[in-house]
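Naming follows writing order (A, B, C and D), and every chain is counted from residue 1.
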Amino acid sequence: MRPNDPRILRHRRMLEMRAFDEACLEALRRGEIHGELHTGINQEAIGAAMAESLRPGDAVVSTHRNHFHALAKGVPARALLAEILERETGLCRGRGGHMHPFHPPTNFSATGIVGASLPVALGYAQAFRLRGEDHVAVGVTGDGGSHTGAFHETLVIAGARRLPLVVLVENNALAISVGFGDVSPTATVAERAGAWGARGMLVDGTDVDATAEAFAAAMEQARGGGGPVLLEATCTRARGHFEGDPDTYRTREEKRRLREERDPIALHRARLLAEGVGADALDRMAAEVRAETARLLEAVRADPLPDPAGAALYLWAEEA
Amino acid sequence: MRPNDPRILRHRRMLEMRAFDEACLEALRRGEIHGELHTGINQEAIGAAMAESLRPGDAVVSTHRNHFHALAKGVPARALLAEILERETGLCRGRGGHMHPFHPPTNFSATGIVGASLPVALGYAQAFRLRGEDHVAVGVTGDGGSHTGAFHETLVIAGARRLPLVVLVENNALAISVGFGDVSPTATVAERAGAWGARGMLVDGTDVDATAEAFAAAMEQARGGGGPVLLEATCTRARGHFEGDPDTYRTREEKRRLREERDPIALHRARLLAEGVGADALDRMAAEVRAETARLLEAVRADPLPDPAGAALYLWAEEA
Amino acid sequence: MRDEPSPGTRAALPIPALIAEALAGEMARDPSVLLLGEDVGRLGGVFGASRGLLERFGPDRVMDMPIAEMAFTGMGVGLAMAGMRPVVEIMFADFVGVCLEQMVNAAAKIPFMSGGRQRVPVVFKTAGGCIGSAAQHSQCLWGLFGHLPGMKVVVPSSPMDHKGLMAAAIRCDDPVLFVEHKRLLLSKARDSLQGAEVPEGEVVTPIGRARVARAGGDVTVATLSLGVEHALRAAAEVAPEGIGAEVIDLRSVVPLDMETVCASVARTGRLLVVDEDYLSFGLSGEVVARCLEALGPGALRQVGRLAVPDVPIPAALPLERAVLPGPEAIAARLRAMAVGA
Amino acid sequence: MRDEPSPGTRAALPIPALIAEALAGEMARDPSVLLLGEDVGRLGGVFGASRGLLERFGPDRVMDMPIAEMAFTGMGVGLAMAGMRPVVEIMFADFVGVCLEQMVNAAAKIPFMSGGRQRVPVVFKTAGGCIGSAAQHSQCLWGLFGHLPGMKVVVPSSPMDHKGLMAAAIRCDDPVLFVEHKRLLLSKARDSLQGAEVPEGEVVTPIGRARVARAGGDVTVATLSLGVEHALRAAAEVAPEGIGAEVIDLRSVVPLDMETVCASVARTGRLLVVDEDYLSFGLSGEVVARCLEALGPGALRQVGRLAVPDVPIPAALPLERAVLPGPEAIAARLRAMAVGA
């Protein structure tokens, strides 16, 4: 396998995403993030899979757990990290913070309200249709978000209008402490797709190769005018819902097992090794990524915080 | 067929319902209703069908088009009509009006907000389950209401909890001017039921016999612990969405056809005649019902309007 | 509009036709302007405010929506973020409880949350006010939206402003809530006490400037929407008694033009706020508080508020009348205030 | 609660444990009391305010819900109409945009719309206030709910009131919104400046009576929630300078106990309202306007409002601090007002 083989790139992307969230954790420990933080650790395969099929004009509207989707969309890591660290140099000048990154040049945005990503993605899809552009809008949500009214309403409209929308459900089987199996009327989210005339797809979201393929197929259908796709990627959440979550609703044992058995990076590494990729090449890559991310974090930490004198700025257009 | 044959009773109920709404129309013409009025004319078969299987402890939560559901639930016609005519003797002392009748003794209520009936019905269903009562909650909505977030969320919870809930969709294929076929991602509402682990049922809601049977089956399943049922009854709306609706979105011809071909009373009358029921017996029944309703309207018209001095009363419990 | 009435008959135009003119004008000049909502297309709006637009601009730009306000309100947000200028109709203001999330946490906050880098030029068009439809179909709620920062809240009263403020709302780069009054929507231009003449061509009324609808020296009446008509009626009624009421049409709740109000109160010393929204925690308290802050307690001789007395709107006509601030109630207050110190 | 702390250690209890005590007490005495919401069961609430309740009362009375606030808020309405007394947790006040419909058009209006014949004894329990989570997770919004009639709006500040007002809310036959402050939920009883001692047994605080948290003769500070702690801190800071601030804990927005406020302002002549909700069209304007109406302009020497200046809460710490009415800002205002006329 050559170093620029797409599967090596996938692996690298996952490493970058994990390193990114580990940098966030470090910043949090140092008190450089004073608000909430939701990491995506163990969910890297989905972000990496998205990165391959997203094009510049496509839109992604993400959730409270949005870092990997932003990176996948091509949002500059520097400005993203700076925003998470509440810096003036951040995507949003420190106004948005980790749950609310916006990057108009790549059509990337997010929301901290569960389910609220989907109607906004619907708007992008409708705009693309109106302008005759072959872009796709991706609305990301969790399993928890699949129970919201916004989920239904969005799919009703997208289904009837056959809009280029991919609803990507990261099903980590938990909404904070509430188990998907305890509150869902169906065993999967994907099987509900028929209710909206959408194509339903289910993929193991810890398998980056399978997820990349599934996401590519979903995007292709939506891009080609085949109507909306509901793509469910199953995965697990390695850490608490947010940093500080006591996470008492799972046993230590259970969490250990998730980290050991369903870590998409470890799984992919094992697969690559089995296919003959050298361990030291992968180790070198990991070290490289870690070093790059460390440099990124250092750079961002040197950036200024916003000036409190401007706290009320940017509400209206004339202030922008 | 004997006069107390259930199918004769069905017929009579439909006549009563139509006469009731015609009384409302008369009151409106005389200026005795100053607000909006939505009649159910041509949708009587559904109300009559409900009346047969609803028990006193069951709950019905209805919509802006609620008169027939109230009558089906056993709400006193006198107090209902008085409420519609904004009288102090009304169900709600003239505070609620035609869109907001409440009758706690029969567990009947309604809302003017589309889709909002369903979460409330869910609450009744959960209360029945908690108290171990074998009552069923019926949440009524229109085809328009089937697109709301509340519809999805209600069915998610009812489906997962297997609650005794019947979601009854009166599909008259119109939400004001918006055609069901133009905005629904599916050809029917019933076919979506699987998304919530509910049983989906579709019935011709202009056929009172078929609808009575379907509604009875739905209630039986819910009452027996079989989980929620999504029952769709197709029908047509003979008049404008509300009185005063210019109804320009349909041709005269189309409306004439609906009134002639899909009037559930005419259809049922033809069936009864074909089965040997005498025309004069049916005519006598119709005349009787008309006379009774005329007396009812006269009685209500003599009732007092509320005293404006009490306009701000009844907000808090201590005023009740 | 394809069926322009002949000149001279424009005063017979229903108010919704003036809104439709503004919509048509803006759609014609800017291809990114769209309209979406329930019954805006085939029906032309439940009050006719978009009549003729579907025929003229086609179903891509005039979109009939299912009853899925959360999704289509958010769709408006996404369209705006993607560079369009959507006008989203939420039929009645009372229905915002099903879609407030997208209006408030998305549209109104995104410009700020993005540090000014993401614009959301969406107009939410809705009808408020009482025409006999009881508690769930009669509210104004502009006070509620005033409380939540990030959205301009525009409330037309005169025929001219129905056209001019709608055009301005569409051109505004900020999210705008445009609250019509159903009673005005059911009226014609010539029914207005504020002048029936509205040009056929472009009219753009700047957002944020109140208008003195009637001059007077004794009591300042700050109001908006149908309240302006009621206040003008009351002012005319008490004028022969020697009471000069100055009636100010606020025109927008956000921004709130306190300069115009305070300039008047500085002269009259008496402020009456007339508001068809609920009394407490809303517009009337804010106008009073800002006036007090701006002028100081010494400048105020009397202050009054006339609004819906913190109950839902009852169904029955005599009850409804009792809770609404109509011309009689305003006239009574004017008389009481004029004799006071 | 199964794990009662030994006597003497009650001051170490986290505030949420006091709420949980009230919930447990009411659930034990009245089998119709239920709790439902996201994460209220297995997790015991994201702040721990229902810890132990699932184990004690079982899954029929403590129900974990999916993220479907519209349905489960309405479920609370239906349960209440069916004779139960549900407590519905809406995790953060900011999320009401997805379920306002059921709170406002159903719960708050049904008692009135039914002519007093249908009671809806539901408690909506939610957390407001700022702890660093930016625009969509920091709002208080009690002003918004005050504006919409039909719901009592209760806002505890002291450890005692977290327990006593929750018990009262559950016993109330009207719909009640109970707004906690996240910062207080993250604190312990002993962190409070208002007394840490809360009895283990029943405590019921009557709804609607404000409390003078500190007496003083120069400036009246009307506030609530975390604002009371901030105001007490500021009052203590300026006391050595000879400034006597009287701090009033409003305790509820609806009803609003203006008697207590006005009695104080009648003495001090100076009113400062401190509110962590948005400044405009909300609580602060209402308190000022009612005070003015009750006492007349002549009784007021100075009036001030300190609240979030009509922008969403920014993410970065220095910006967040700049928009929040903290102790320093309050002290500065107190100083400025005390020297003024």
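Definition applied: a residue touches a chain if its C-beta (ideal position, glycine included) is under 8 Å from a C-beta of that chain, and two chains touch if they have at least 3 such contacts.
Everything quoted here is computed from the prediction, not taken from an experiment.
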| said: By mean C-alpha position, what chain is farthest away from chain A? | reply: B
| query | What is the distance in Å between the mean C-alpha positions of chain B and chain C? | reply | 35
| said: Need the CA-centroid distance for the pair chain B / chain D, whole Å please. | reply: 41
| field | Shared interface positions of chain D, touching two or more other chains | value | 65-66, 68, 70-71, 94-95, 97-98, 101-102, 105, 109, 112-113, 134-136, 149-150, 310-312, 314-315
| Interface hub residues of chain A, defined as touching at least two other chains | 92, 94-96, 100, 111-113, 116, 147-150, 152-153, 156-157, 160, 182-184, 315
| request: Take each protein chain as a node, join two nodes whenever their chains touch, and name the resulting shape: line, ring, star, complete or other. | output: complete
| request: State the interface residues of chain B toward chain D in the complex, per the touch definition above. | output: 59, 61, 90-96, 100, 102, 104, 107, 109, 111-113, 116, 118-128, 130, 137, 149-150, 152-154, 156-157, 160, 313-317, 319-320
| message | So in the complex, the part of chain C that touches chain A is made up of which residues? | response | 34, 60-61, 65-66, 68-84, 86, 98, 101-102, 105-106, 109-119, 149-150, 172-174
| Residues of chain C defined as touching chain D within the complex | 70, 94-105, 108-109, 112-113, 134-136, 143-144, 146-150, 253-254, 256, 277-278, 280-286, 288-290, 292-293, 297-298, 300-303, 305, 310-312, 314-315
| Which residues of chain C touch chain B in the complex? | 38-39, 41-44, 46, 64-68, 70-71, 94-95, 97-98, 131-137, 309-312, 314-323
| request: Would you mind writing out the residues of chain A in touch with chain D in their complex? | output: 34-36, 83, 86-88, 92, 94-100, 111-116, 144-145, 147-150, 175-178, 182-184, 248-249, 305-312, 315
